[in-house]
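There are two complexes below, and they share subunit A, which is joined by subunit B in the first and by subunit C in the second.
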Partner chain A sequence: MSINYLLVNAILFGALYASIAYGLSIIYGVMKVVNLAHGGTLMLSAYVAYTLFTYLHVDPILSLFVALPVFFVLGMLIQRYLVDKIMDAPQIASLLLLFGVWLLMKNVAYLIWSGDEVGYNLSYALKTIKILVPVSIPRIIIFVISIVTTVLLLMFLKRTYLGKAMRALSQNRDACSLVGIPVRRVAQITFGLGTALAALGGVLASMIYSFSPEFGGNFLLKSFCIIVLGGMESTLGVIVGALVLSLIESFSILVIPIDLQEMISFVLLVLILVVKPTGIFGRRATI
Partner chain B sequence: MKRLTKTQVFYGIIVLFLFLLPLFVHNQYVIHLGIMTFLFITIAIGWNILGGYTGQISFGHASFFGIGAYTTAILWLRLGMPPLLTIPLGGLLAAAFGILWGYPLLRLRGYFFAIATIGVGEATRVLASFWESLTGGSSGLTLPVPKVFSKVPFYYEMLIIAFLVFLLSVWVYKSKFGLGLFAIKDDIDASETLGINTPLYKILALALSGFIVGIGGSFYAQYIFYVEPGDVFSFEKSVNLILINIVGGVGTIFGPVFGALIFLVLQEFVLVLFPNLHLLVYGLLLVLIIIYQPNGLAGLIAYVKRKMKKTKHDGGT
Partner chain C sequence: MMRHRSSWKTGLVVLLVAAFCMVSVAAVYAADVIKVGCCLTLTGKYAKAGKFFKRGYEMAIEEVNAKGGIHLKNGKKMKVKLILYDDKSDPTTAVNLSEHLITVDKVNVMLGSYSTSQVNAQSVVPEKYGVPYVNGGGASSFIYARGFKWIFGTLASISELSYTEMTLLKELIDKGKLPKPCKLALSWENNAHGKDFEAGVKKAMKEHPGYFKLVLDEPFQKNTKNYAPLLIKVKSANADVYLSDCHFPQFSAQHKQYSEMGLYHKFVSYGARGPESNARKSLGDAVNYLVAAQWWTPLLPYPQSKAFAKMYKEKYKEDISEWYPALAYETARILFKAIEIAGSLDRKAIRDALENIEFKPAIVAGQVIRFDKKTHQAHYPYVIVQNMPGGKIVAVYPKNAATGKIVCPMPKK
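So, the complex of A and B:
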């Protein structure tokens, strides 16, 4: 296995990982809530893409236009009717609450799609383009969409009023109320945006992975590892974290057995939490 | 001799009833339910000492259960040790394992600890499936089933373990050590200022918690005669422990007992009718309880008691 192959692989996966982690990162950054339902959203959105493709022959890219608004609303509802009710309770309550939501999502998936492992074959899945090494088309599409998402997200957070309000909320919630930012509204939109971003990650992942209702747990842990690596609260940190994780995973094939690969994100998570809890940049950046 | 209070007599009768039960009930299924209830009570109490008393929520307690189970399976199969003797060893090994990962991870607060424990659980399971020479890999280990097999000795064995573990949890709850744990849960910075050695307290709570769950796992292996990573190390096992405690009442003495009872009734009688809905029921329970009754059934009972007392005092006004 050539170094080129591993490198290209790592960069492509890094982009996918980043787009999967944005949703978790933005909700944590603004609201200090770890969205355990993130894994469930990834899984459900993968099924949405699968269903649209299998029964209506809608390309997963087009299904994004259905999935993102739907999951945006779902996220807003979760915030409005569930998380908002316990914002004053100890932090851990929201974690358990959202874990409950994840279980609900899993059961919904079992009921609708059964527990079988599914996936779908895109007509262009086997075509490749040579970028140092042959790369399949879906993986290039995933890469491009991830980059576009990143740019849009950064612009949204830096330029728009809403984006600025979110960043303000991540810094000081009370001060935001004082200056007249509708805190609850912004929190709802944040949760909606985070859930929609998770759905984006799920649809992209569904193009190259097969999945079942249990899908998503692994990526939840990976996403968490990524945002911890990146210092918890910055979009750029997520990109760096995602690249670090994918590089380590990719190159680890040279030294450790593939069966143990699943453990890498966890070991990395623990190492970084213990050695340098502020992330690789060593200071808390803002989103 | 001190006079017993009404409540003490009530508890005494329950315990006596449980000890006499196998004498007049010969239905194997009932005995089995009893055994599983005691087992769940035991491991839920184990979880509660770390999650409820100390406030460190763990999603990785299946790792202790699995280590207890595998300790028994391996010592029994490979070294021919009598299974009963392996129970304390299973507990001790689980406790040692807890100290090993707890030492770095317990520095983390709140969420971070909780999420890291998901990793602990998963990593342990992956490792157990991978290490085939020791654990038999993902196909597991089958233990020798004796020719004559009765569930009754298991019933007494588990009843005694559950009883002792319960007494231990009451003792911890009332001891100075327990007060320290609750102080850590309420405000770790303040308890540090008050001179509580918080790292030591937390790691002791984790070790004790692991020990108890390890004992449960060890017993489980002897009772089921089969261990495999996908069962004893499963995420579902960890989740069940959380559910039981949330339903019963996190951080209370009776929480794990109530929770385990409800959980078993749910599992054995309600969910068999709707086998496709168990996650839905668990999820709904979690969501509703966290929002409306964060102290679970034990909290609800305490609330009702308070209310009743109040109306008594206000009587006639």
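So, the complex of A and C:
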């Protein structure tokens, strides 16, 4: 059994998992809203990349320049006209609302792209570079983008006024209002940012997976596991959680049958919630 | 006063006579048409297949109606009317609509939906009411292992698919194109579909001792996204042949990783996957030389198969590349033939006719479709195709259907 393959594969998948989970993490961290429409955003952004590639021959990396602003605005609109209306209601209201948005997104996708399983073939899809083992270029790109996203996100949250406002909002919403932080505006931008980050994950995943309107659900479940594992309000925790999950998934084949591999994320989810509900980074960590 | 009462009575009589005439006309009309009930996946995740199935059913119905309908024993010819609903690719909706078709629309017989899950759920209803039901969309053998009396399936089983591939492998071993014993790595989705596939492989291994050595037999979950751990096991197994049973999304993700990892086997097959146009769109040249077993392909050289492909192109102004409309067409034709053999709309007579039918010339490989007396699932060989460079696909097995020779061992990239 090649340990190198398992290790490299785990690191690459960890990066993909992280890029998919950032959006969910930041929205929950700041607004305490579980964005069930996250899976729908992953799916719609994959279709945006597919459409731009198929009809205009735009590389998916370049399509990020279209997808990210579009989904940022979409996220802001969802927050302003839907989520904001029920912010003071019990959490079940936002869960159901965003689940409804996900269903709506699925049906829109069925209407526009039908239920066919689609994908696109990049000219460099199967070109490989040897990093211990042969690694394809799209996976390297996904890894690099994920790392760059982590760094930029951390810098944004630590060093900019808006980032600091988001962190403040995650700690005490009422206090933010008292000190003059435009809470609703920051919440809108946070939801926009979270949706744009989900779109980033969707576009990156579309480079290696085929997809249909049902795409995204499986990744949503993994994202839950990752943010619980890393600490629900920690950006750094997301990448650590993603890496831990992918390492355990990959190396588990040495001890358990492959068909139990998908169970690992759920076992981890339950274990962490029971044993250490604050996640790996504990209580102190915030976004 | 008397005059008023008389006209009231006359009016009532006229009304009753008119109502009687309307009922009679409706009854006569209804009796002249065979009502075929069907719900299909016209929207939802199986919309593509549903659209193709609708086309196949419509072609068969137009064909039979153009000849004046189905000939019955009483000398009458009855036309066929399709009552079609959209089950939205949802098993619960398929069940509800089937109930509606039988109890409200009073259909005589039923044609099935697409996909194992839809057929599995829906088929309970015609079984309950004793309505003959034929489908061309559910292949998993567990649908037919329930001992149902009214349910028939025209898709040959998945175990037959892997068995046909193993028969081809045996031929290749005999010709010296593969070593003997041939080391086999096998992976399959951990569900009824995959278990059927594994069963076919093991049946062939038992029948041909000394030919194969199973070096890996690994189930995987359908919702797996990360295939590297599985493929690392495949690589470590050092097999000559890799067989994997999966649906399209799993095939696409798995083969992409297979190619990225630079794996190589002399013969690779993902069951029925590989020749789809979407496969080449998403995987490019990585699909070259993959081998796939199909229920039907336009490459089949039989006149009836070619005539169907031509008829399809004329009607829908596009080339046929998928098997769905062909099996739908054949499914409807078998049902109509059974009605003709029964000679009436007596449900039991139709069921008995289906049980004993030997439908030929069929457009599938082997040109004959008959149902297993116990399970009611059709038996016929698959046609095996291979992807060639440049997007060409050739039929390589069985011999009487071959349009080209198999390339084995696959060239190394």
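The rule we apply is simple: the second predicted complex is superposed on the first by the 284 of 287 C-alpha atoms of A that agree within 3 Å, B and C clash if a C-alpha of one lies under 4 Å from a C-alpha of the other, contacts with A are read in each partner's own complex, and residues count from 1 in each chain.
Just so it is clear, a contact is a pair of C-beta atoms (placed from the backbone, for glycine too) under 8 Å apart; a residue touches a chain by one contact, two chains touch by 3 or more.
None of the values given here were measured: they were computed from a predicted structure.
By the document's definition of touching, neither partner reaches A:201: not subunit B, not subunit C. Shared-chain residue A:110: touches subunit B and subunit C both.
With both structures placed on the common chain, the touch criterion links A:91 to subunit B but leaves subunit C unconnected. Of the two partner chains, subunit B is the only one touched by A:273; subunit C is not. When the shared chain is aligned, subunit C comes close enough to touch A:210, but subunit B does not.
Of the two partner chains placed by superposition, only subunit C is touched by A:249; subunit B is not. Judged by the touch definition given at the top, the superposed model places A:262 against both subunit B and subunit C. In the superposition on chain A, A:120 contacts subunit C only, with no contact to subunit B. On subunit A, the surface touched by subunit B in one complex and the surface touched by subunit C in the other have residues 110, 218, 257, 259, 262 in common.
Across the interface of their complex, subunit C is touched by residues 1-2, 5-6, 9, 13, 110, 114-121, 125-126, 128, 133-136, 139, 208-214, 218-219, 222, 246, 249-250, 252-253, 257-259, 261-262 of subunit A.
Remark: subunit B residues 55, 57, 101, 104-105, 107-108, 110-112, 114-116, 118-120, 122-123, 126-127, 129-130, 235, 239, 242, 246, 276-280, 282-287, 290-291, 294 touch subunit A in the complex.
Residues of subunit A that touch subunit B in their complex: 34, 82, 85-86, 89-93, 95-97, 99-108, 110-111, 217-218, 220-221, 224, 228, 257, 259-260, 262-263, 265-267, 269-270, 273-274, 277.
Of all the residues in subunit C, the ones that touch subunit A in their complex are 43-48, 89, 190, 218-221, 223-226, 228-230, 232-233, 235-236, 248-249, 252-253, 256, 259-262, 278, 280-284, 286.
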